[in-house]
Each structure stands twice: as structure tokens, then as C-alpha cells.
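Quick heads-up: structures coming right below.
The two complexes that follow have chain A in common; it is paired with chain B in the first and with chain C in the second.
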Partner chain A sequence: MSNYITEFETLFRDVLENEDIVLTPETIASDIEEWDSINHIYLVVEIEKHFGIKFSSSEILQWQNVGEMIDSVKAHKEN
Partner chain B sequence: MNKMNPIFSFRELQKKAKNTTGNVTDIRVAVLGNHTTSFFIKALENQLKVAGFNPSMYESDYDQIDITLIDRESELYKFNPEIIVVFESVLKLKDKFYSIKDTESQSDFHKTEKDIIQNRVSNIRANGSDAKIVYFSYELIDDELYGNLFSKIPHSFYNNLWQLNNELITFSRNEPDFYVFDINKYLKGTENYRDYTALINSDLHYSIDTFAKISHFLAQFFNAFKGHFKKCLILDLDNTTWGGIIGDDGLENIQVGSLGIGKAFTKLQKWAKELKERGVILAICSKNTEEVAKEPFEKHNEMVLRLDDISIFVANWKNKADNIRYIQEVLNIGFDSMVFLDDNPAERDIVRQSLPAITVPELPKDPAYYMPYIESLNLFETVSYSENDKDRTSQYQQEAKRKKLISSVTNMDDYLKSLEMKGNISPFNSDDVSRVAQLTQRSNQFNLRTQRYTEKDITEFMNSENHLTYTVKLKDKFGDYGLISVIILEKKNDNTYFIDTWIMSCRVLKRDVEHFALNKIVEDVKNKDINIITGEYLPTPKNKLVEDLLKKLTFENDTNENTYILDLTNYKSRKNYIENE
Partner chain C sequence: MLFNSFEFFIFLPIVFVLYWFVLNKKLSIQNVLLLVASYVFYGWWDIRFLSLIMLSTILDYYVGLKIHSTEEPKKRKHWLWLSMGFNLGLLGFFKYFNFFVDSWISAFNSIGIEMDPFALNIILPVGISFYTFQTMSYSLDIHKRKLEPTKNFVAFATFVAFFPQLVAGPIERASNLLPQFLQRRKFNNKLAVDGLRQMLWGLFKKVIIADNCAPYVNDIFADYSTQSSGTLILGVIIFAFQIYADFSGYTDIAIGTARLFGFDFKRNFNFPYFSRNISEFWKRWHISLSSWLNDYVFTPLAINFRNYKKQGIFAALFLTFLISGLWHGAGWTFIIWGGLHGLYYIPVIFSKKRFTSISTNKSGSNKQEFAFSDIPKMILTFLMVCLTYIFFRAASVADALGYIKIIFTEIPYWPSGVPYKSILFIIILMTAEWFQRGKEHGLQFNEDTKVPLALRWTIYISLLLLILVFSGQQQQFIYFQF
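For the complex of A and B:
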């Protein structure tokens, strides 16, 4: 988890153009000012590109926080 | 992608745009769509920044095209866009189509949609906007309800899309300032251009990187609107225009046409020839002995390009950057409007380093890929075409001959004499009205007072008792310049004429056309028993060229610094080498 969280953090900082973003598994969209619905789409695309995976449409709707997003990535990477 | 024309991903583009500074050219763009356009607008804004613009963007509310266009008070019209982009997704159109229940109305779908488009354009104009309208063509996707029978089924959706695109093209042909931007050619070959997950979850009809790619080409098109487009193609010869080295291999062994991989070079030559017909100037820049380099153009029967297709032919052993500077000087166009094709990476590099503004595509190693690669760059984007564009090649060929002559004479008088110029100065006549009006509209540099006139105004001057009007036409031994100067004088009182307008084309600077014209004007005014001509210089940011015109023509300063007076009693005819005809 710790490796993924760092990679996520780097990616979030780059995509949302804010170097001060700090992520924990519990972080949710409302914790980060730039993380609005439009940027969420952008983030999902960039996470997929970064990890070389493709989320399913229902997966994307189920995430509650960063931890669950990372779980999704892990599940794709390990299968 | 290659380094000359990289197409950035959405994220790369965000970063590139952030690093642009000092953009001063404003551009105001409105986007209306029937789907989520926020990423498209962001990408377009970024592309425009990267292209050097300072963009202002307007985004209509989600799927509110018609209500926005009908409402005169809408934010759109307050925004006052220079360009309105209408970008509709076919997936939305499909929902609309499926909601039609009878096949007859389905068959008419393309007509109904065409009426909607026309109506939108009428609304834009009726609400006072003269923006250029850039309308996206419809993505051609088959819903596969009728498979390959679609062409026979008028109520097939796919059939309607083809017809609707045709309607759009037909409508565009005669509708001023209305352009069709074809999305299909940019989607072709784009991997995963639609992200179906994002489509279902977020109504995102194209992937964000697709938006970045489309907006790259849209920004190129807008660039052409703003007057930035390519005017000249410079070709290297050996292994670019033909295969092999003419100096070593000889006329029989260069590859063009049927020999070896000659077909690849023939394709490039055919393309260059079509560009020339469109009005793009062709030039040659090659390290070769001139006579040897010209031989294939004269003697090889499979060469598509011939010497008379080439405006400037430079073959010598000098540095290519210097030779291109010479070409630029003769043509008098910006380096940013030139494209240089050369197979040799070292030569490309030298040119790029000395002349960063010129476009130097990174030609692939295999000539089979020259044309597909060049076409993918869309180098010659344009927003206007007229029949006259075709004459450009001969005009520049003449200009190149003049340049050669001037380098062979030692003083200006000899040069002017040797040009064997013939001039014609006459009052306005009805055949010239539109050209005269056009000159008053377009000339900025050699323009004493920058008064803009319509054809109606010009006709009134032509018929006025109170005005003296002149057009000057010039030719020399190399060719005919046509109508190059317009002068209008207004009678102010019983003893004075005032120079209302004096315009000349910069192509004939330093030929003493001004002297030729003034001699005739003075003669006419004297014949009317009038002895004074007054004049005025109205400065603009562009007409510094003529700030001293009247002084040089021996006018004396009047009461303030920009008004002048010429007393004709002591006028001495001014020297020039233009023969009156």
C-alpha cells in the first residue's frame, strides 16, 4: 500500500497541479480543493495510463476513498 | 510523434501551456456542444496558448446550443466571439434519431438537421455576430442496423449521417464565414479515441487525449484565420525530389517514375505540383552545380516538376541556411511561412538552428513514408483560395529575375533603365473599381492617409466634378505588375487641390513611380489653372514608410508638421525611367 500511495500522491500532485497534496487511504474528494467532478475524470484517465490498466464502469462508481482506488489498481495489476 | 509537429496528450499540453509567456495576440473563441465540452475547451485554450495566442474562451451551458443562439441577450453575444465552434456528438444525435417513430421522418432526418444548422447560422447573424463559424462534421459511425445495405435504406441512421455531412458541405460552399471542420480524418488512426467507461459515467464523448489532438488541428486552422499560413515550399533535390544523386548517378539513373523506388518521389512531386497550382510558391535549394541540377527538370521525361513550376532555383555549394535567406529575400515573405524538405538530417539541423521560424519536417528515412508523413502534418492549412493565386509562381519568377539583374549592375540609374519600365496613368475607369476599392481597403504601408473606400465610394469619385482620380499601371521587361497605385485629389477651392489618397503597392517601391505620377498630376492641375497642391500625412502604426513622402517630392511643410504644400509655379519635372504608354 505504501508504494501505491506515494505513486498516487505524485500523480495527484502533477495532474491537479498542486504540490501540497498529501494522500492517505482515507482521503476523499472533498478533502482536496482541486478534486472536482471534472478533474475526477481526468484523474481516472491518468491513473489508468500510469498503471497500464482499465477500470470497469461500475468500479469507478463504487470508490469511497483513495484506499479503495488503490485496491482497484492492485486487483488489476495482480490479475 | 516527431519533434516538428508533436501532438501532445492532454496532460503534456497542460504543462506546455503553463510555460508559455508573452502571448499578445488576442483570440476570442466560443464553443457550443451537445456533450461535455469542458476538456475540449481546456485543450483548445492550451493549444492556442502554445500556438502563441492569448485566448479568451466561452463555453455554452451543457447541451444548450439553440437556446444560446436564439437569445440575443445570451452571454455568448456579450462575449463577442471572433470564432464560434459548434461541436455535436453523433451519439447524441443517434438518441434523437431513434426517438423518431415513423420511417418517413427518419428518412428526412438529414434534411431536418440541415434546417436546424441553417437556422443556427441565421440566428447568429440576426443577433449581430459576424464571428467565423466552424462547424464540426458528423462522426461517421454505423449503428449496424442495416449493415452494408445502408446505402439502399433511406431511414438508416448511417445513411442519414453521410447525407447530413454532404448537406453541411453544400451549405458551406455558399455561406460566407462558415467552415466545416472534419472530425473523421482526425479520429482515423487515433487509438482508443473514445473511452466508453467515461462515456457512460461522465457523458465524455471522446477521450481527453482525443480532445487534445482535435484541438491541435483546430488551432492550426485558427492560426490561418489570423494570417499565419505557409506560402512557400522549398525542396532539396537528391533523395528528396528524386532518388539518388544526380551529380554521381546521372540523368538515366536517378529514381523517379518507374525506376526503383521512383514512385515514392513521383508522389511527392505530384503533391508539390498541386500545391503550386493552389498558389504555394515552389523553390529549390540544393547542393549541386546549377546546370547539373536543372537537367532532370529539362530532360527527364518522368519528372512531374518542370522548371516553369519553380519560382526560385538555387543550386550551389553554399550553406543552405544562407541560400534560404536569399530565397526569403526575393519572395519577401516571413520565414514562418516557409517549409523546407530535405532528406539529410544534418542539413535540416543547420537550417533549423540558423532559422528557427522555418518549418523543417523530420522526413522519415524510407521515401515510401514521405507523403503519408507529410500529409499527417497538414502543413498548408488555409482559409482562402482564389483563382488569382495560381499566377503567383510567374510573379515570383519575374521577381527572381529582377533580383539577379540588380546584383549585376553597379548603380540604381542603370538598373532602372535596364528594367525598360512602361507606365500608364489614367483616371478611374469602371473596370478597375473593385481593384481600386480593394487597394484602399488592404494597403497599410505605402498609404498616405489610410482612407478606406467601398466600390460605391470609388464610383462616386470617378463621376465627381470635384475630384481628380488616378490609377497607375506598371510593367517592365520581366512582366506585368498590373494596377499598383491609386491617387485621389479633391478640389478645395479655386486655387487648391488636396491629396485625399495616395496608395502604392510595395512590390514597386524604389522605381520612382511616385515621380512618374506626380509629373502627370502637376500637368493636369496646371491645365486647370490651379497652382497649389496640399497634402497631409496621417500616421498609423504601419505607414511610417511614407512619413517623408511629400517632403521628398519637394512639398514644403505647412503650418503643422504633417501638412504640406506644393506651389506648382516653380515645379520641375521629376526624373524617372518610366516610359508613358
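For the complex of A and C:
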């Protein structure tokens, strides 16, 4: 998990243009001011690009926090 | 039953006393009381249409359990489609049937095929756009696994029909409101008093501002072609305050009433006319609708369009605003109103790297304090919104275009028949809200703000006197028609 968190943090900081972002598995969108619904789409695109994977729409819509996003990435990487 | 009616003035204390002092022994009995009260509140308008609410309630209660009971994606989807099909079908029939038939006929006529006009006399059931959205979100959230269905039918039925928010919102989500029906409410004096203040503030907005602005606005829009440019500009500005006072006033009364019963609704307005850009406006105006559209329309669309980059996001956003327009009313004026708001996002999406959403989950906080130096941006945003209101208020697209044409082609002389009294009330409203902009509503006094008791009571009594002396002729709440 910790490796993914660091990679996620870099991506988040990059897309949301905020170097102070610190993520935990429990982080949710309302914790980060810049993480709104439009930026969320850009985050998804960057995560897919970075890890070379493609999420399904229903998968994306079910995420509740950063931890669940990372679980999704893991599931794709392991298959 | 209208909030600003004599019936409600009698109804509310009766329910309040029964709720806290007579039927307060068991939670389930309190819920039954609220359900019965809510059905009485609604049945006061039209008892026939209660059956629609009940049908929608039963269906989504059942669908929620069914979706949850199976892991098979196909079955889950089928149940979800049943809920969507039914609720959108209800909306489609009662709200849009005539609009689509008319548009269809005029489309055929325009290509030379004559068709007879055909329209059913369909009455729009009050609140249908609100409660169908609320029940749909319940099934959608269960489908997305963000919510567990309840097995308490009465609690669910009361969640759908709860009278403070039944007819014009806020559109509550099950995740926030439903758990409140499942646990014991305690009478909280502070919350109840704040609720009363918010109700008083809402009543002031509705009967003093909105109802006093209405006749002036109605006259101008009914007969715009004979008015001067200056009058038309003032007319739409007054309408902007009318609709704000009307709708946010309704919301204030709804939230305040819920507080009297120990319920906490989400915020629906956050001083929208102080917004500095259009995306901020949509985070502050009718938040429960914009966040609904954000979660169930914009986000799924944008996820599907995500490979088209900024164009994809804009397309998702534009479609969302068209749907928002259609939600407000079955007519091209509303669709154009939504479309204009969508177009206003072009600079937001295509110019900067960082984007802001059409919605917010952070409505509770006022992280970015407004400053005096922001006023030019606020005025610009307000005027952009006013331009869209011309379509929102006009009887037809042709009327809206005619209205705009006069504004932009004639010299704006000083308007005629200026409603100075209404303007004075608007100034009082905006000044109060400016000073209260960090609070949840215009009449909130936190413990940290040391407002002396005498001053507070002077304010309450002045407001009550104003309401007694200056209330305009009773008008229906504008959002009842949606």
C-alpha cells in the first residue's frame, strides 16, 4: 500500500497543483479543496496513464476514498 | 399547504406538540406521526397525487432491497432500471408529455407536414421533480454500493415524504437523512431556536422581498415590448432578487422546520450572489440539485467521455446543464437557460489548468472569505446570471430574445415606476447577508458573535412587524412549478 500511496501522492500533487497534499487510504474528496468533480476526471485519466490500466466506469463510480482507488489499481495490476 | 399560509401556522404547532410531548415514547410512533403529517401536508393540495408519492416510495423501497440482495451485476442493473424507468416515466408523463408532443408537431409542421395539435390536460403534481430525484438517488446509491437499504418501511416512506422538504427540496440524500429517521431525536433547544430564527428569516425573504418584487416583475415581463431599456434591465435585476428570496426563503423555512423536529438538512444556498465566477455560483445556488446532477449525471458522463480530454469534460458539463434546464421546466426557455450556463464554463474549462466543479461537497465551509475587493467580479457574475434569467422568466424564447434586443439596442434611460420599497428591502437583505456571510443563514447568531439580547429581540420584532405591515400579496413559491 505504502508504495502506491507515494505514487498517488505525486500524481495528486501534479494534477491538483498543490505540493502540500498528503494522502492516506482514508482520504476523501472533501478533504482536499482542489479535488472537485472536474479534477476528479483528470486524476482518473492520469492514474490510468501512469499505471497503464483502464478502469471500468462502474468501478470508478464506486470509489469512496483513496484506499479504494488503490485497491482498484492493485486488482488491475495483478490480473 | 403553503409555508406562508394560515393552515401551516396551525398545522406546525399541532404536529410539534404531538411529536415532542404526546407521541414521544417510541421512535416508530414518532415516525408514523411524521409520515401522516407529511401526507396531510401534501394531500392539502391534491389528495389524488399522494398515490404517486406512495407508488414511488413502495417501488424504490422494494428495488433497494432487491439490488442489495444479489451480487449478479445484470440483475442489479435490471432492478435499477426499473426504478429509473418508473420515476423518469412519472416525470416524463406528468411534466414533459405535452412539451414533447408540441415540439414534435411543430417540427412536422415546419417541414410541411400538417398535424393536428394534440395535448392532454395534464396537471403537474406539486413536488414531483423533487421527490422522484430523492427516491432515484436512493436506488442509485445502493447500486453503487454506497448505501445499504433500510428494512424499516415507515422510516423510508417518511424520508421520501418528510413535509419540510417534500415539495421544493432541499433534495436530501438517503445517506444524510435516512439514518436520522432510524435513531432517536433529542430535543435540542439551541438547534430549535436557531431553526426558528432561520424560519423567520425565510419568511421575511419570501413575504417581504419576493412577494413585493413579484407584481413589478410580472408587469414588466407581461408587457416588455412597450418598456424602455432601463426598465427592462431593472426588471430582470429585481427578478433575480425575487427568485433568490423566494427559493432560498423556502429553503430557510424548510431547514428551520426540520430543526424544530431534531433533523439536520444539508445546506441548499450559500450566499450565491456573492459568487466571483460562474462555477462558484453553482457551488452556492440550489446546492442539493447541483450536487445531485454532479453525482448522477455529470460524473458518469465525464467518466465515459474522459478520453476526449477538455472537450469531453465540456460536453459532459454542457449536457448536464441542458438536463438541469429541462428539470426546471418543460420548455425551450429553460433549456436555453441551462445551455447558457453551460457555455459560461468555456473559459473556466479551456483557459486554466486547474478546474472547479459544478458542485461541491464542501458547502458547509466558507474557506475562501469574500473580500470587498471582489465586488467587481461579483457584479460581473451576477449580471451574467441575470442575462440567463431573461430566458428563465420569459414566456417564450421569442419574448426573451425581444427583451434582450431592447436592452442592447436602446439607450438605457432611468427606468419608470421604480419599486423603491422593494429595492430598500433588497438592500436590507443583501447588507444583512454580507455581514452574515460566514454563517449558515442571515439570522444566525453563534455564541462567539456577541449580539446583545436586546438587539436580537429588536431585530426579531422589527422583522415580524415588517412581515405584518409590508407583506406582499401572497404568491405561490416559484419552485413549486418545477
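Here is the rule we go by: the second predicted complex is superposed on the first by the 79 of 79 C-alpha atoms of A that agree within 3 Å, B and C clash if a C-alpha of one lies under 4 Å from a C-alpha of the other, contacts with A are read in each partner's own complex, and residues count from 1 in each chain.
Criterion: contacts are C-beta pairs under 8 Å (C-beta built on N, C-alpha and C of every residue); 3 or more make two chains touch, one makes a residue touch a chain.
Everything numeric here is computed off the predicted structure, so don't read it as measured data.
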{"item": "Touching partner for A:Leu16 - first (chain B), second (chain C), both, neither", "value": "second"}
{"item": "Which partner, chain B or chain C, touches more chain A residues", "value": "C"}
{"item": "First, second, both or neither for A:Tyr42, with chain B first and chain C second", "value": "both"}
{"item": "First, second, both or neither for A:Gln64, with chain B first and chain C second", "value": "second"}
{"item": "Chain B versus chain C as contact partner of A:Thr6, first or second or both or neither", "value": "neither"}
{"item": "Contacts of A:Ser30 with chain B and chain C, given as first, second, both or neither", "value": "second"}
{"item": "Contact residues common to both interfaces of chain A (with chain B and with chain C)", "value": "17, 37-38, 41-42, 44-45, 57, 60-61"}
{"item": "Footprint of chain C on chain A - complex, ascending", "value": "16-17, 29-30, 33-34, 36-42, 44-45, 57-58, 60-62, 64"}
{"item": "In the complex, chain B residues that touch chain A", "value": "10-11, 14, 18, 38-39, 195-198, 200-202, 204, 207-209"}
{"item": "Parts of chain A lying in touch with chain B, wherever the complex brings them together", "value": "14-15, 17, 37-38, 41-42, 44-46, 54-57, 60-61"}
{"item": "Complex interface listing, chain C residues touching chain A", "value": "73, 144-146, 294, 298-300, 302-304, 306-307, 309, 312-313, 317, 349, 353-362, 367"}
